[in-house]
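Some notes on the structure that comes next.
Chain naming follows the written order as A, B and C, and within any one chain the residues start at number 1.
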Amino acid sequence: MSGFRLPEIDRRLVFAIVAAVVVFPIFFRLSLPEVPSTIVMNVFDSVESLPAGAMVLMPMDFDPGSEAELQPMARAFVRHCAEKKLRITFLTLWGTGSQMIERVTKDVLIPEFPDYQYGRDWVNLGYKPGMESVITVILNDLKKTFPTDVSGKNLDDIPLTRDVRNLRNYNLILSVSAGYAGTKEWVQFAGDPGQIPVAAGMTAVQAPLNYPYYPRQLKGLLGGVKAAAEYESLLIKKYPRYEDQQKYRFEALTRMGPQTFAHLAVIGLILLGNATYWINRRAAQGGA
Amino acid sequence: MPRQRLILFGALGLFVVFLVYRVATGAMVNPLEGGPALGMWVAALLTLCIFSFLAGDNPFYKFAEHLFVGVSAAYWAVKGFWNAIVPNLMGKLLPEFTANTAIPGLRKEDGTLPAPDLIYVLPLIFGLLLLWRLAPKGQWISRWSLAFVVGITAGLRLIGYLSSDFVGQVRNTMLPLLVVGDGGLLWVDSFNNIVIVVGVVTGLAYFYFSREHTGAFGRMTRIGIWTLMVTFGAGFGYTVMGRIALLVGRLEFLFVDWLKLASP
Amino acid sequence: MKRTVPLIITFIVGTLLIVAAFVPHYPFDKWNNDFNEFFNIIQAFAFILGGANLMRMHGRRLVERGAGAFYSGVCLAGFLGMMTVGLFKLGNPAGLTGDVDVTGSWFEIGYRYLFSPTSATIYALLAFFIASASYRAFRAKNTEASLLLVTAMVILLGRTFLGPVLTGWLPPSLSFFEISNLASWFMSVPVQAGNRAIMLGVALGIVSLSLKVILAIDRSHLGDRG
């Protein structure tokens, strides 16, 4: 055999490279400006255009496995809705979603918006199993499936939900979803049949699959942590109090540093893998 | 002892010494304090057990994986019980009993309680039939419940997919191929719409396997394949982005929340 | 009984849901809502079935001291522990009438320190394997594969701040070729077209399969091959 050959990299070294390029930027906490894309701006505008007191349904359909991507989005949505003084109803179709609602309300809504009163400005309906079946029922009758809120209080005794009959009473569905059941089901079983505007934040894996719904069936969508960072930058620009990033944590913006380095590493690995393949193939053909 | 194993044990030993040092100097929370500190350590050690799979299948990974399977199965069963069976089944069949024991909020502030709705005996029966699958004999009866579930799913999906994913997408694809604005022909919008319409039609043509992909049809399907390859490439790019984000989250937990080597 | 009754149930339920979409009035709307509510409750029973099945399988392995008996014990310990604290709402600050996973309850603590970190880390592992697969498997062997790789790299670069940095120097007339703009265009135009074609195909497949199931042409859900 003749010719120059590139050695194959052991997969453990590949793992080490990935770990290193992600860990290294964590120590520096780079927070870089983001240029929002049109599709993200559409989500922002769909919230921004609502008048104070408008009703927003925020289904939090995700789990710890996607929390790193979606919790920053959920927090940004909650901050935005609270700034606009919208009335928020949380619920979830995932068993683990109730913990996600708990985190976002305890970490963001309650401490940062002390005037926001439970029962008057926001309510948490909790979890119900059934996936799209739940959506089908609550499109017509919310209290049939959710007779009480998460703490067991009757919805007829809560000011926010007293006069709510079904999903058609909501001005916007702002879905945060990681898979099935999620944004797709909210579009198919609530947005389209009920003619209710839907905007969404979702994992990067899901985002391309939901692009066909945009812009007619989905007002806009946030796909992954990059889009979450763009939304956070829009929020900071519109509401200057968020410029104090010591006081207000914007996780997506700080995670873009490790994200960028990791992307570069993957691109490098793809190029190196292809270079190794072609060079070694030529060497083998030259020796044959 | 093989050299590799020696290096591994050496590294582990150094890591343990490092942890002890940091706890002793107060740089990290002390697990012996119990409460959230112990919980943090348990979470961190389980995280490391799962990450150990990168070195190959091993007892630590198996331990963490089996623990997760058991805990998550119980989690979903408990959530299903307290979030559906108690409020939506017991609450409908025995509202007074449920209001007195588990969900006082079923009774409104004015004291009214919904009347029992005996139609909910049906899901109770179907649910119990489903559980009969575990019985040593007569498991076939659980097919009745499965048939109900399959019927609901088929009916819902047929309408949902037909309306949103078929009719809705056909409507979304009906775009003007020449977009005219105030200043005349809008080249960029027209080009984009043409690409979308051509991409959808050729992509669909590619999936038509009842005819050989030759001649003009073959050229059409070739454009379809290119559209689909671009689609899959974007899907791959986004998948990489998504998975890296999850890794960033876990490594932040380890280095920021647990080891406190970096600031939040 | 074993086959006919389930087929009749599937037919009645499926047909009713379809009719209710076209006749959204009494009694079809009521039956539609009721049947969907029943489905939600049955799904909760399915979770319990899953848990019981897990207990049976791992319990058998533990008792028989088969391979992996220790790990089955670990699984069962986790399952029974979580089940006990959850079903009886042990350590729940709100007692039996409060939400089962209110902050501070033992169930919530089990979720926070056992379920959540392991679940999140299992998904985070995939990042390593994707990088390894990128190095080993993605080869630009032909036009199609090259298109896939080029698109992937444009998206990967465009979805970071490096996009504007690398191509921000381009004049406004060529701003389309800025990587971040190119990435946005890829997503909004050809990727949307490709995913739409897939979505249309999948929708037709699901509609046909649903009809076959409702009309008892496809009986695979009963364990039959037909």
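The rule is simple: a residue touches a chain if its C-beta (ideal position, glycine included) is under 8 Å from a C-beta of that chain, and two chains touch if they have at least 3 such contacts.
The shown structure was predicted, so the numbers you read here are calculated from the model rather than taken from an experiment.
Enquirer: Which of line, ring, star, complete or other matches the graph of chains that touch?
Expert: Topology of touching chains reads as complete, every chain touching all others.
Enquirer: Weigh B-C against A-B on C-beta contact pairs and write down the one with more.
Expert: Between the two chain pairs, B-C has more contacting C-beta pairs.
Enquirer: Rounded to the nearest whole Å, what is the centre-to-centre distance of chain A and chain C, using the mean of the C-alpha atoms as each centre?
Expert: It comes to 16 Å between the two C-alpha centres.
Enquirer: Rounded to a whole Å, what is the gap between the Cα centroids of chain B and chain C?
Expert: Each chain reduced to its C-alpha mean, chain B and chain C end up 4 Å apart.
Enquirer: Rounded to a whole Å, what is the gap between the Cα centroids of chain A and chain B?
Expert: So the centre of chain A lies 13 Å away from the centre of chain B.
Enquirer: Multi-chain contacts in chain B: which residues touch at least two other chains?
Expert: 54, 75-76, 79-80, 83-84, 88, 102-104, 152, 156-157, 161, 163, 165, 169, 172, 231, 234-235, 238-241, 243-244, 246-247, 249-251
Enquirer: Counting only residues that touch at least 2 other chains, which ones in chain C make the list?
Expert: Residue numbers touching two or more other chains: 36-37, 39-40, 43-44, 47, 97, 101, 111-112, 115-117, 119-120, 122-124, 127-128, 130-131, 134, 149, 152-153, 156, 159, 187-188, 191-192, 195-196, 199.
Enquirer: Enumerate the residues of chain A that touch no fewer than two other chains.
Expert: Touching at least two other chains: 15, 18-19, 22, 65-68, 96, 98, 126, 128-130, 133, 136, 145, 151-152, 208-209, 212, 224, 226, 259, 262-263, 266.
Enquirer: If you look only at chain C, which of its residues touch chain B in the complex?
Expert: Counting only chain C, the residues touching chain B are 2-3, 5-7, 9-18, 21, 34-54, 56, 58, 68, 71-72, 74-83, 86-87, 96-97, 100-101, 107, 109-128, 130-131, 134, 143-145, 147-156, 159, 185-204, 206-207, 209-211, 213-214, 221-223.
Enquirer: Spell out the part of chain B that touches chain A in their complex, as residue ranges.
Expert: 54-55, 75-76, 79-80, 83-84, 87-88, 91, 102-109, 114, 152, 156-157, 160-161, 163-165, 168-169, 171-172, 231, 234-235, 238-252, 255-256, 261-264
Enquirer: Could you pull out which chain B residues touch chain C in their complex?
Expert: Of all residues in chain B, those touching chain C are 39-40, 42-44, 46-47, 50-51, 53-54, 62-85, 88-89, 101-104, 119-120, 122-124, 126-128, 130-131, 133-134, 140, 143-152, 154-159, 161-163, 165-166, 169-170, 172-173, 192, 195-204, 206-207, 224-241, 243-244, 246-247, 249-251, 253.
Enquirer: Quick check on the complex: what are the chain A residues that touch chain C?
Expert: Where chain A meets chain C, its residues are 9, 11, 14-15, 17-19, 22, 32-35, 37-39, 63-68, 96, 98-99, 102, 106, 126, 128-131, 133-134, 136-137, 140-141, 144-145, 150-152, 208-209, 211-212, 214, 224, 226, 256, 259-260, 262-267, 269-270, 272-274, 277.
Enquirer: Over in the complex, which chain A residues touch chain B? Could you list them?
Expert: Within the complex, chain A contacts chain B at residues 12, 15, 18-19, 22-23, 26-27, 29, 65-69, 95-96, 98, 126-130, 132-133, 136, 145, 147-149, 151-154, 156-157, 185, 187-189, 192-193, 203-205, 207-209, 212-213, 216-217, 223-226, 249, 255, 258-259, 262-263, 266.
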